[in-house]
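Dropping the structures in below, format is structure tokens.
Each of the two complexes below includes chain A, the first together with chain B, the second together with chain C.
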Partner chain A sequence: MLESATSALALLFTMEGVLFLGIGVVVGLLFGAIPGLGGTTAIALLIPLTYGMQPETAFTLFGGVMGSVAFGGSISAILLNTPGIPPNAATCFDGFPMAQQGKAGAAIGAAATASSLGGLIGVAILIAVIPIAKEIVLLFGPPEFFALAMLGLGAIALSTGGHFLRGLISGAFGLALAFIGFDAVNGGTRFTGGIEYLFDGIQIVPALTGLFAIAEMINLTTKGGIVASEGRADVKISRVSDGVKAVFRNLPTLLRGSGIGAFIGAVPGVGGTVASFIAYAATVQASKNPESFGKGNILGVIAPESANNAKDGGALIPTLAFGIPGSAEMAIFLGVLVLHGLEPGPLMLLEHEGTVFSLIVALALAAVIASLIGLAVARYLALVTLLDVHILVPAVVSIALVGVFALHSRFGDVVVALVFGVIGYLMMRFDYPRITAVIALVLGELAERSYHQSIMIGDGHITIFFTRWISLGLLLVTVLIVLTPALRLYLNSRRATGVRAR
Partner chain B sequence: MSATRSKALNLLPPMAMLAFSIGFLGWAYTYGERAQQMPVLVGWIMSVLCALDVVASSRTRAGNLVRALFAGTRVDRGAVKGTGKPIARSVVSILWPTAFISLVAVFGFLPVIPVYVFLFVVLQGRKSVRQGLAAATFTTALTFVLFKLALGYEVYQGLLFSG
Partner chain C sequence: MVRKLLLAATAAAVALGSAGQATAGYPEKDITFLIPFSPGGGMDSTARQIASVLPKYLPNKVNVVPKNEAGAGGRLAMGQLYRAKPDGYTISVFNIPGAAMPQMTGEKVSYDITKVVWIGRMSTSPYLLGVSAKSDIKTVEDIKKLGRPLKIASVGFGTTVYTAASIAKSVIGFKAAMVTGYKGTRNIILGVIRGDADAAIAPTQTFASFVRSGDIRGVVTFEEKSSYPGVQTIAEAGYPQLTGLGVERLIGAPPGLPAEIQKILSDAVGKAIQDPESVAWAKKTKRPFAYLPAEKTQAAVDRALKNLADYPDALKEQK
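Let's turn to the complex of A and B:
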């Protein structure tokens, strides 16, 4: 393990490594700061550029993006009260009041330091967990992988707020799309309608580019105006060091936020927004002065920002170890791994340890470098959010589609990106969560293959899923997840009846 | 917007998804026994969920119950989010990339990008011709330098120029 980490570090400190890490950080900061774009769009746009690269170099680039998006988003949250990405919403509560009180520099300094340290703590937790994860994945066979895929889909659908039913429908829709093309288990093709392009199935990169980049651009065109809803051009940044010092004076807040972030990040579907809000709530509860929150308490910036960056380390655990992405960003990242000839899952940890470590090291360094660059350019970065969408949209659409074509030189990919762009926009408009569709699209093949392999192992009997304790446990948890809202309703009704009776 | 029209608009997306799921299910049954197993399972699950969604989107007592069961709390959801947005604006927003790709299919990326960017900025964004020209030049130059010169990728030349 140490050898892999050392060689990853050596690779990163080459001219090429530093260059791509830097590019990733700058792109991540920009896309993080611009509301509506975020890391998912950034990764989707960058995928085609990495096609000819070594996997390690590509991961350096993506590590840079993932490590910096959260801090980019905090800058617009603090200066403009507009979270760059949803997890930064918790930072607005105290970050923006600080900016209004003339303490924007301290808030950004605290966010930068908490982000970078949170990222490092998340990575440290990931490194600590990898040896254990390796042992655990060896216990997994096809029935467990099938059950895990179902659990991932259920958990992600449940995490879509009040859209659980539509989250499940989106998941089923994504699985349906995953069946298109050559059927590796049974031979022959399915659902292609005789269209030769579809024989290879829906290509993941054009589909993801469409669902995220193109759909967001269609949405921005519909909204019009500038990117940030509450634009303020008069951003002043001073006394950054006060914020940096505040983080070191409040280490328990940092450690609590990072721990919560890493833990929640590892649970598929829960994601950064929940992590940062729980970290914020925990800090308010632990505070002796809870009424100061929401009025510019610096701890209200430190807690969510540390959780926000630490969650990436946690989210990589199920993604790399089991091939189960915990978020849309990680689903796209799975697509990147496949594009570079790596199959996420148990073999990834066992056979490509070096590659895994380059990603981890890139992620750790990106968090630190992003904070340093971010501090230098924060004022200008915030102004990006005042960009008119009518300038941004045609540029992003053009670059995204040229990139999609460049991957395999097939015009069909461009058409798929457009079709998925329209589907993604309609899903946004009518409240069908895209994340479950994406994750199902990515997991579809794994789920079907594992299902058929399990049935073969079980001599044609479905009971195989219920006679192995890990798969049984995972399926029971899945059933519990699906029943959670109904159970919650039942308990609430009983409580209400009890109150009325009293 | 009248209440009847609002109700109809609420039902439109779940009905469309239900139609898709039934179509998918029917198609799945046309494959061999093993090849249809998972698609049929998914098709049935999707159809049932979509039917429930249709019920949930109807503002009836049954709809309220289904919504409550899946939300975990008693809810009184109004119109489906987004149905209040002008449809014409959404159609125009979708037509822009569609027109762009249609032109690219014939003429290729590099000649079409400046035209698309310029027209989008000037017509859709109502910006000045100068801003349109600047945005078009910047985007085309960036695409050319990034993909053609720096990465050496092939940039689609279109049916007309690809020979």
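Let's turn to the complex of A and C:
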């Protein structure tokens, strides 16, 4: 193992290795930062270029993309309230208020540092669990996936920014949308109204681009002016290093975020969006001043950004143990293995150790390089928040819509983005949290599918969820999480009445 | 009168000429090759290999551009193909019998599989019935004597994998309970290793590395000649009529494709598969090609559809 790691490193430090890693990082940053595009699009577009390459070189390129795309996306989340890729959605909560207050530089600094450290921690966790990866993957079956989906949905209750009921309503809206389209359990399609586009369901990327990017642009247009309205004079001098220092001063938040990211990343079909959201919710939960979140608390940037980079290491766990992709990017990665004549499967690590390690090392280095680039240009990027909306809005809207169209060349995707743009704007106006809708949209399918599978595995008995200790434990945590806001409310009101009584 | 006749003849000649022109210069522009699966995976890579050598064997030099149109169990790609002009510039991969299932089970779909014009078969993969290496089930007889339904992990109802399991169950005569909803055949095999279900029926090639790693044991293969030492074929187990049960990977074009273009494409696919580059690729990836020309592909499709009609259980959802 050590030998493979060193030979992978040796490969990386050749001219070719550095070149392709660099290209991967730059492509990843750009595709991450542009709403509607993302790592999957980038890798899918790069695949044809790798036909003639050695597999190791190809994976250096892909590792570069995967390791940098999440940080690229955080930049747009912070500056424009528009997550570049779905896993950056939670970063908007506090990243954008910081930008409005003229602290965009610090926010990007924190995101860059949290991303690179999170990426490294994710890879470290991966390497630590490789010897027992198979056993870990086998511990999680459909009942556990269902419990995890419940946990994710339960976390909605924690992060509704004081609008508990509205958060749930928005979550229910997302859940309802999740059931449109193909039914993976029984076959066939439903709730499509006969529209062929909907057979495949509401796609997450166009929906998210609409809810965040388009909605924010509508919002900006109606307000006019510039993004950093609250602290115009401050923007240029905002110190990036403040953000870097903030990460090191809040190591527990970083470690919690990375741990959650790697863990959730290992669950196939859940991915970075849920990982970063749960990391955010857990940080709010652990904080002594939960009410300071959503108003520009830097911890609200560190937690999700460390999680969505650590998730790549986690996603490699099932990929390496059984050839089961832990994320959309990993699915393409497996495809590339096949393309290059390598066979994904339980023996991958034994048979293709060198190739696998070139990806892991590239992933780790890419996270660091991307952050260094980010830190170097952060103060210039922050100037975007000083751009007049008349220039900003048309540019962002057109780039985002082209991005949405690019992945599948389906016009329906553009329509979905526009429709959700209007819905998102209305939700902003009437103060309904948008992320809870996104989380429910992501998790709805997993929840439904794994529920049905569990019942089939348990011969029709619901007891299967309670007789397996991991699923039982996860469900108990979910109950606790859902009850927390209610409990807090109850305690507060008791304290209040107590004060009055005195 | 003569003038009229002459006019008519000229008109006919012009009409013929233009019809001739439509196919004579074919292909004049790039051909779109729809792949109803995400990038990666067996189908995608097989199709891409063919797409990359196919241009060598077409009369004119054009590109064959693979386009992944995954989603809704292939319905999106099939709908798109069915709506495309039958001019030979849009062709698609099909997975039989899976592609036929939605309409066979009475679902409303925007295409009719019986009207697709077949170009040829790329490959076929017979299935294997595998169990966890820890399982007590060793032979087909063990399954019949199990005393409870055999739990089979599968992707959704109406897919090739599900259909094959239903057919095997009715012919061999054992009770089965399906656990559906897994994403792809690798995941159903993982489900068996994890203990979600007793068995999986999936392409022999997909099982290969799991058998080698010692996680899965083959019980019976639907191949003609077993590629796994010690695993009996379904004929040896006493059910020769199930030999060849598996997936056929075909290439089809929209209804109404002119016969000339069908022939050009069919011949080109046949040659592309024998191209040294393709042969080397197939050997390296252990994904052998098994070409069938157009008319034989049509016969294979007819046979598959008839099989489905013969085993009505496969078309019924199990509760």
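Everything below uses one rule, namely that the second predicted complex is superposed on the first by the 271 of 502 C-alpha atoms of A that agree within 3 Å, B and C clash if a C-alpha of one lies under 4 Å from a C-alpha of the other, contacts with A are read in each partner's own complex, and residues count from 1 in each chain.
In this section, a contact is a pair of C-beta atoms (placed from the backbone, for glycine too) under 8 Å apart; a residue touches a chain by one contact, two chains touch by 3 or more.
As the structure is a prediction and not an experimental result, all values here were calculated from the model.
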| request: Go through the superposed model and pick first if A:Leu339 touches only chain B, second if only chain C, both, or neither. | output: second
| request: Answer with first, second, both or neither: which of chain B and chain C does A:Gly181 touch in the superposed model? | output: second
| task | Examine A:Ala44 and indicate which partner it touches, taking first as chain B and second as chain C; both and neither are also allowed. | result | second
| Between chain B (first) and chain C (second), which does A:Gly141 come into contact with in this model arrangement: first, second, both, or neither? | second
| query | Between chain B (first) and chain C (second), which does A:Phe173 come into contact with in this model arrangement: first, second, both, or neither? | reply | first
| said: With both complexes superposed on chain A, which partner does A:Pro485 reach: first (chain B), second (chain C), both or neither? | reply: first
| message | Applying the document's definition of touching, compare chain B and chain C: which contacts more of chain A? | response | B
| Who does A:His452 touch here: chain B (first), chain C (second), both, or neither? | both
| query | Of the partners chain B and chain C, which touch A:Gly72 in the superposed model: first, second, both, neither? | reply | neither
| field | Common ground on chain A, meaning residues reached by chain C in one complex and by chain B in the other | value | 183, 185-186, 188, 409, 452
| request: Write out the stretch or stretches of chain B touching chain A in their complex. | output: 13, 17, 20-21, 24, 27-28, 31-32, 34-35, 37-39, 42-43, 45-46, 49-50, 52-53, 56, 66-75, 77, 80-83, 85, 89-90, 92-94, 96-98, 100-101, 104-105, 109, 113, 116-117, 120-121, 124-127, 131, 135, 138-139, 142-143, 146-147, 151, 153-156
| Where on chain A does chain C make contact in their complex? | 44, 47, 51, 137-138, 141-142, 181-189, 194, 196, 199-200, 268-269, 322-325, 331-336, 338-339, 341, 343-348, 408-409, 449-450, 452-453, 456-457, 459
| task | Would you mind writing out the residues of chain A in touch with chain B in their complex? | result | 48-49, 52, 162, 164-166, 168-169, 172-173, 175-176, 179, 183, 185-186, 188, 190-191, 214, 217-219, 221-222, 388-391, 393-395, 397-399, 401-403, 405-406, 409, 411, 414-415, 418, 421-422, 425-426, 428-432, 447-448, 451-452, 484-489, 492
| note | In the complex, chain C touches chain A at residues 38-42, 44-45, 48, 52, 67-73, 75-76, 79, 101-102, 105, 107-108, 110, 151, 155-159, 162, 177-183, 186-187, 190-191, 193-197, 208-210, 212-213, 215, 281, 284-286, 317
